[in-house]
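Encoded as structure tokens, the structure appears first; notes follow it.
Think of it as A, B, C, D, E and F in the order they're written, each chain with its own count starting at 1.
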Amino acid sequence: MSQASIGDMLNDKAREQMISMSNNNKNISDLKAGEKTDGFYLIKSFEVKKTTNGKQYIDIDLVDKTGEINAKVWDYSKEIETIVAENSIVKVRGEVLEWNGTKQLKINKVRGKLQDDVIKINDLIPSAPIEPTEMLSEVKSYAKKIKDAEIKLLVENIMKKFNSKLIYYPAAKKNHHSYMGGLLYHTLRMLRSGEKLGQVYEYLKMDYVYAGVILHDICKIIEMDSDEYGVVSDYTMEGKLLGHIIQGIKEIEIEGDKIGLNREKSIILQHMVLSHHYEPEFGSPKKPMTPEAELLHFLDIIDARMYDFEHALDIVEPGQFSDKIWLLDNRNLYKPTE
Amino acid sequence: MSQASIGDMLNDKAREQMISMSNNNKNISDLKAGEKTDGFYLIKSFEVKKTTNGKQYIDIDLVDKTGEINAKVWDYSKEIETIVAENSIVKVRGEVLEWNGTKQLKINKVRGKLQDDVIKINDLIPSAPIEPTEMLSEVKSYAKKIKDAEIKLLVENIMKKFNSKLIYYPAAKKNHHSYMGGLLYHTLRMLRSGEKLGQVYEYLKMDYVYAGVILHDICKIIEMDSDEYGVVSDYTMEGKLLGHIIQGIKEIEIEGDKIGLNREKSIILQHMVLSHHYEPEFGSPKKPMTPEAELLHFLDIIDARMYDFEHALDIVEPGQFSDKIWLLDNRNLYKPTE
Amino acid sequence: MSQASIGDMLNDKAREQMISMSNNNKNISDLKAGEKTDGFYLIKSFEVKKTTNGKQYIDIDLVDKTGEINAKVWDYSKEIETIVAENSIVKVRGEVLEWNGTKQLKINKVRGKLQDDVIKINDLIPSAPIEPTEMLSEVKSYAKKIKDAEIKLLVENIMKKFNSKLIYYPAAKKNHHSYMGGLLYHTLRMLRSGEKLGQVYEYLKMDYVYAGVILHDICKIIEMDSDEYGVVSDYTMEGKLLGHIIQGIKEIEIEGDKIGLNREKSIILQHMVLSHHYEPEFGSPKKPMTPEAELLHFLDIIDARMYDFEHALDIVEPGQFSDKIWLLDNRNLYKPTE
Amino acid sequence: MSQASIGDMLNDKAREQMISMSNNNKNISDLKAGEKTDGFYLIKSFEVKKTTNGKQYIDIDLVDKTGEINAKVWDYSKEIETIVAENSIVKVRGEVLEWNGTKQLKINKVRGKLQDDVIKINDLIPSAPIEPTEMLSEVKSYAKKIKDAEIKLLVENIMKKFNSKLIYYPAAKKNHHSYMGGLLYHTLRMLRSGEKLGQVYEYLKMDYVYAGVILHDICKIIEMDSDEYGVVSDYTMEGKLLGHIIQGIKEIEIEGDKIGLNREKSIILQHMVLSHHYEPEFGSPKKPMTPEAELLHFLDIIDARMYDFEHALDIVEPGQFSDKIWLLDNRNLYKPTE
Amino acid sequence: MSQASIGDMLNDKAREQMISMSNNNKNISDLKAGEKTDGFYLIKSFEVKKTTNGKQYIDIDLVDKTGEINAKVWDYSKEIETIVAENSIVKVRGEVLEWNGTKQLKINKVRGKLQDDVIKINDLIPSAPIEPTEMLSEVKSYAKKIKDAEIKLLVENIMKKFNSKLIYYPAAKKNHHSYMGGLLYHTLRMLRSGEKLGQVYEYLKMDYVYAGVILHDICKIIEMDSDEYGVVSDYTMEGKLLGHIIQGIKEIEIEGDKIGLNREKSIILQHMVLSHHYEPEFGSPKKPMTPEAELLHFLDIIDARMYDFEHALDIVEPGQFSDKIWLLDNRNLYKPTE
Amino acid sequence: MSQASIGDMLNDKAREQMISMSNNNKNISDLKAGEKTDGFYLIKSFEVKKTTNGKQYIDIDLVDKTGEINAKVWDYSKEIETIVAENSIVKVRGEVLEWNGTKQLKINKVRGKLQDDVIKINDLIPSAPIEPTEMLSEVKSYAKKIKDAEIKLLVENIMKKFNSKLIYYPAAKKNHHSYMGGLLYHTLRMLRSGEKLGQVYEYLKMDYVYAGVILHDICKIIEMDSDEYGVVSDYTMEGKLLGHIIQGIKEIEIEGDKIGLNREKSIILQHMVLSHHYEPEFGSPKKPMTPEAELLHFLDIIDARMYDFEHALDIVEPGQFSDKIWLLDNRNLYKPTE
């Protein structure tokens, strides 16, 4: 029996509580073989298995915002299975072993989160550095800057439609911004950059820039299945067969029709979504044909790259190179000494 | 003053007549420098110009199914301009000159088509080798073979919508099947081949094969502007910014919604349209993920290639090679001696 | 001591018997850890090894048409080694264990096939779905349809030469049709499809289509070393240094010369073999220059793809996607719900 | 006898005057066949030639900021040749002819610029839209923002070295910013954009951003030979054999050494110059390994593209597409109706 | 009536004579518009044509080793046509005109070569810098160095077979060594280089090196149709459909069989021919798998490149760059000042 | 505690001794599971670790010229740790085990090298087949052949600068010539080949050939960190950010300036270094523009390939194929039977 999604087991109240709790765990990435640990972690999935000699044990994958570790409860009891099955967040006590270079947690004791345990959800789950509601409100303020009433209405309608999911969706299954709130954070930084560059390249039509940014990835919400912790289990059937670019185009076509959006404007926005990956082999069969579509592509790629560089260098010492970053064509990045 | 489209100037009655007329022109491709000609041609476009010393003349591009020739009426008169402006089909008398290796027709006399002139439209305009109505009826008979009621209804509705244009649209601006009725002819041969291969690969779901073939290119009708002679003046604005693949997907989405088409079926058909060009650089951001989508691609390309080979070798002597065919990666094709 | 090839140890009589035997094994792909099994399998290879503490044991790879499993006889005796060494097909009794996620069979008992055991060879070895002799006879009937007497003679002579191996050769070492009789099955389906498409594209010269299909891959028989169960141990020296395309061309040149085949026809057929992989990077330095050579390529690729799709989707549930298929550019294929 | 460079024939005083003169020419791009013209143009080059029957004439290429036209003085006289040879700017009177679709100016009268003629140099020569001195001073103000004293000194020293040429050099022989002052204008807009994006991606080290932008293309000044009107006659020998990227790296190495620049900083700046074209096939054998190097590339390409789009759409009517733009992979750009 | 091949009209005696004649023509590449010329040239082709007003004239293409010029005899007479038709080499007197930037020779007088005219064939036809017989004898001396008796016999037999054509065949229709004796010259220099490198890389089997070099291109003789002046009119039918690599492989297979050549050696030599173009897109579906095959490729390409560089720089002044060389990826080559 | 570099622990005297010692070890590549060994090996690195139950042991990586093996001293004592820490070369006695298909050496006894032990350093470390001093002297003799005094001085100065490292540096971290003295050996063989080919292509300027070869890779010495045994631990910071090509160019620029080297010559040499990898994606943004630069590339690649083929085939039996060689695009090389 495996646990499909963390979110399924928590009611809204539980989530609120968690957010207000403080946490004093050792981070998973800091666990060292030979040491003991005693703290809170999130259960990503678990399974009851048997050893070769038929003994039952519980195999659990634990996560926090710093990483993931496999753990074992060797002394199986129905009672412990129940604790594991009924709690998303557990307090475990155990010792860290190393097996063929991989760390493993031998759990000696486990209990569910109690009323008084104080844990911050952000410590257990990787997420955007700004509060979702704050991000959403700033994105909405950009939508308000759109002067063309029709385009503004279109953008607001589509945002409204996806509102509840926008608040937590990641921007990807893996890669850049693949965490809770990542889609919103990616969109927001692109809007900020777009606004700035509009001050340098003054001939740009900012209505299209803002609308294009807000709509360009919004159908990732129907391309991927994410739980409310920003963890994507898989792509949807339509996502795999068509992809968020095609889905986004249809969205604009249909929502545009509903409000009688001028056909040319609708097509221009659809074209922006269609062309924003720029290269056919990345999913854009047409290259940008308007300056705003061209800029949209660069806003998108700059935000992804600035994210990738920042995060890859986070864990590098000054004066050192990172490991090869697959996402960046296997580059070794360099962090200057000052 | 140039003549945008031949079709604009002919009423339906005139078209009917023309079809029944017999023709005894010399073919344009057979005209030789030094010879005279006296026959019927179609006016593709014309313009009144001035020579360097200020004299007016009429510059006309004439076509028939075998090619195109530039012609001049040096003795301008308002009366002749009127004849040229008011007639699509004219009888001209003149002599063929050669200028830097290019033939040119010096027109001495020109008149419009009279009531009694008997001309076959197919002699003046390149077109598919089967009667449009016959093709349309055969295509419809394939639509009838679709067993799934929803899919059949979708296909028939979309065909109905484009019915009047399907009858004459070419399959391309240039390249394969770029002539009157070409889209229908291309579709029909793919249906025939699809049916045959379905007898070899029996596990194929023929409903998707037939629906996919009929719908795969149908939005070329809204991607290109063609007159009723199958001559494409240009791509449409939406055609340029999105393309017939994207347009076709939206069509299925919207028309499917109207009839409550099962969502999975709609997505599968949209996926077939999306993937039928196979390679990203040819416009398909997704590769086929169902056997029917895979086959659709090969039906499409085989029909295009069989067309290209047939036409390129038409004008080659047995035992000889063709010139380099740009469309076929500059191959020189070979025509066996027997 | 390892067993090079299954076929080496079976006389013809044994093979005949096997074909008539019925089988009630559990399929290897169905074996589950913790269960017992008792049935017939084919020995792919075996080796007597020692444990770290010096004890001898027998390591055996067993196969049936559904897959392969490693097995161990821990209680070594000279007698058991003899049984394993002298039988291709054995009846084993044992239990299935799992080791680091890989299944393994612990053999408790093993005996050779007895007179009365009834086993169908097709259950033990993957093979084409049609009887080899039936396939061969249908392929020969296509050769008979060739109207040009010289070309027909060439094709029949070459088929005769390879006759005894054609009956069991696979079409590849791995990938599509890499099973017993695969070469013949691939050829046959291409002939059927070629015949059908010849009814749509009537200008094709069917003599070249049929001869091209039959000859295009026939030198795979001298490119690869296959035992009579369709298992390819390796490519031949000439196969590696030249490849079946070059070998096929030489075959036509030499066999053509022997019967005084008209030179042009010989070159056209050689060209068809040379160009049938279409792209230089897939082994064809020339692209097809005749319509029949062009079609040959598409018949070949369609048959391979229809095979790949069918087999990949065989094990997928309706409404689900397959795993990534490496052979198909890592596509996830989709199986519609109905 | 041809005129190598316009700049060779003008002293500084003449240049100053020209700048203050007003101009009432018809723009070259507006000249129409059949019309007369009477105005000031710049002589790009001229040659005395002979007609087939041996008569001398003067062949002149005239330019203004809107384009170029070939002109002929059919009535040759030594006196006219002298006028043409001794003046860069001439007043011509003549009529516009058309020859095989190309316009040509038949000059009837020609004289040099007189003391009282008032012409603005910007009307005759394409140039950046901001005054060079103003641009230079803004670029210098960015150099001043560099906090690291060593890097600031390096940047200021290199700028000083190229100061006199920076004022007029174009950014390219053709393509984007290939006009007088183009290098400075390109640099300036990148600095502005870099500053803005530094406000969004706050972790960036702005010292490297500013220094990288100012230095990235500065060695175009020794890669190309430009006259002081921003017209590049050719690349230099070193420019062709090494290119401005390699030249820029050596410049930083050597100038850095002179001031004892910290070695790591020097290498990081050299790496920024080396990697700013991003792709090996565009001249960068290394990809960016620092966030500032990564951003530099995008600042560069965005400025180029925003330039290309703006200029390509300048001459397009709203609601229309541009011609194919070779520089932009043959895209047809679209100008929205509003 | 056009003249297919120069060689058709000369008997062997005439050729011998020509070779001993001295020549005092102006080179075609030195002819200047406005000058007169009086000298010997070779007729490449000619045709009797008519002017627009019906007058007959003779259009002749003349060549010498430095280039080609079109010439006209405006005063047609049957007698002059006969002179032109019956002589390959003519003495012409005329004046050089220029027409749209192209030089043309107006012939005033023309006569055939007389008994006493002394002309060196090498002045009229571009050819290798060593006497053919001398080259052939050196190539044969390398064949003699092959120690393996079978391989030596194979090489000598194949050389004998092509002996008479080897003496004059070019190595290509255009590009490197596309002149009389070019194939032999290319082969010879590769043999020399191979011998030298065999002294550095001593483990190489020189038998394969020498045999591989001699055989690698020898079937260009049956791939192309060349007249005895090294001018290739076209590729042969087999050349176009298969190419000299495939032809060479078949040659080795068949000639090897005749002398009972050890099969492994035959296959290794065939593999060398097959792989010597190295890249699939240049005609080699297999890459070299032996060191000698690997070296063969580099001997081939070095000789081609050294030829291309030498000839491109021949006409460049020291300290200057060549024009873009299409054959060398549009590089501008540089000639150092000393 | 790990041992960073072998060289750090040996004084020069020790090195000399080692060179004169004879060795009678079993080669590491010959060690078989179940056997005992007793011989000298080099310690590549070691670490004191703990088993899961807390017992200390020493983990050592041993190498000789044939390969590498992991060894364990299970009975830890401070004394043994000292022996391992203080000796680079140790005599070990133990037995070979096999663990999951990997061999491991269980060490029973270990001691440092004694005064009387005679070991040849070349048996312990892979290195070039010629004595370094001999190679250096031959390379210097080529430098002496340079006739241009300035270029000769430049080459000699740069060689002097890197003299002490040239003697042992490898040509690469891995791949061809990645062993002690490999850089020198690679350079030497290219000089020999260059000299030979200069005899075939006599127009080449040998000064540039010799100087180009000697300088082309010399900055690998500052691109990589190698110990004196030719083992590269990593690339340097400048090596990663710029690479040896860019470093070599700067070296020539600066050293050239010091001796007043004629600028054109300096640029030509820099261009040779810049272009010697030939393709942008291999690090050369410019293609060779002089014949000597073109040749340099081929000398380089031929030497690398002749090395790769020789070494790959070393371990192949005649008549057999090698495994796939990743470096050679996964080719299987063939070794002829004779």
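Note that in this section contacts are C-beta pairs under 8 Å (C-beta built on N, C-alpha and C of every residue); 3 or more make two chains touch, one makes a residue touch a chain.
Computed from a prediction, not measured in an experiment: that's the story for all the values here.
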(request) Would you mind naming the chains that touch chain C and likewise touch chain F? (result) A, E
(request) List the centre-to-centre spacing of chain A and chain E in whole Å, with centres computed as mean CA coordinates. (result) 66
(message) How many angstrom lie between the centres of chain E and chain F, each centre taken as the mean Cα position?
(response) 45
(request) Using mean C-alpha positions as chain centres, tell me how far chain B is from chain E in Å, no decimals. (result) 46
(message) Which positions in chain B are in touch with at least two other chains?
(response) 237, 240-241, 264, 268, 271, 289, 319, 321, 332, 334
(message) Strictly by the criterion at the top, what is the full list of touching chain pairs?
(response) A-B, A-C, A-D, A-F, B-C, B-D, B-E, C-E, C-F, D-E, D-F, E-F
(request) Quick one: which bits of chain F touch chain C in the complex? Just the residue numbers, please. (result) 34, 97-98, 319, 321, 332, 334
(request) Within their complex, state which residues of chain B touch chain D. (result) 50, 52, 237, 240-241
(request) Could you pull out which chain B residues touch chain A in their complex? (result) 237-238, 240-243, 245-246, 249-250, 253-254, 264, 267-268, 270-271, 274, 279-286, 289
(request) Please give the residue numbers of chain B that touch chain C in the complex, ascending. (result) 189, 192-193, 196-197, 199-201, 203-205, 208, 264-265, 268, 271, 287-291, 294-295, 298, 301-302, 305-306, 309-310, 313, 319, 321, 328-329, 331-337
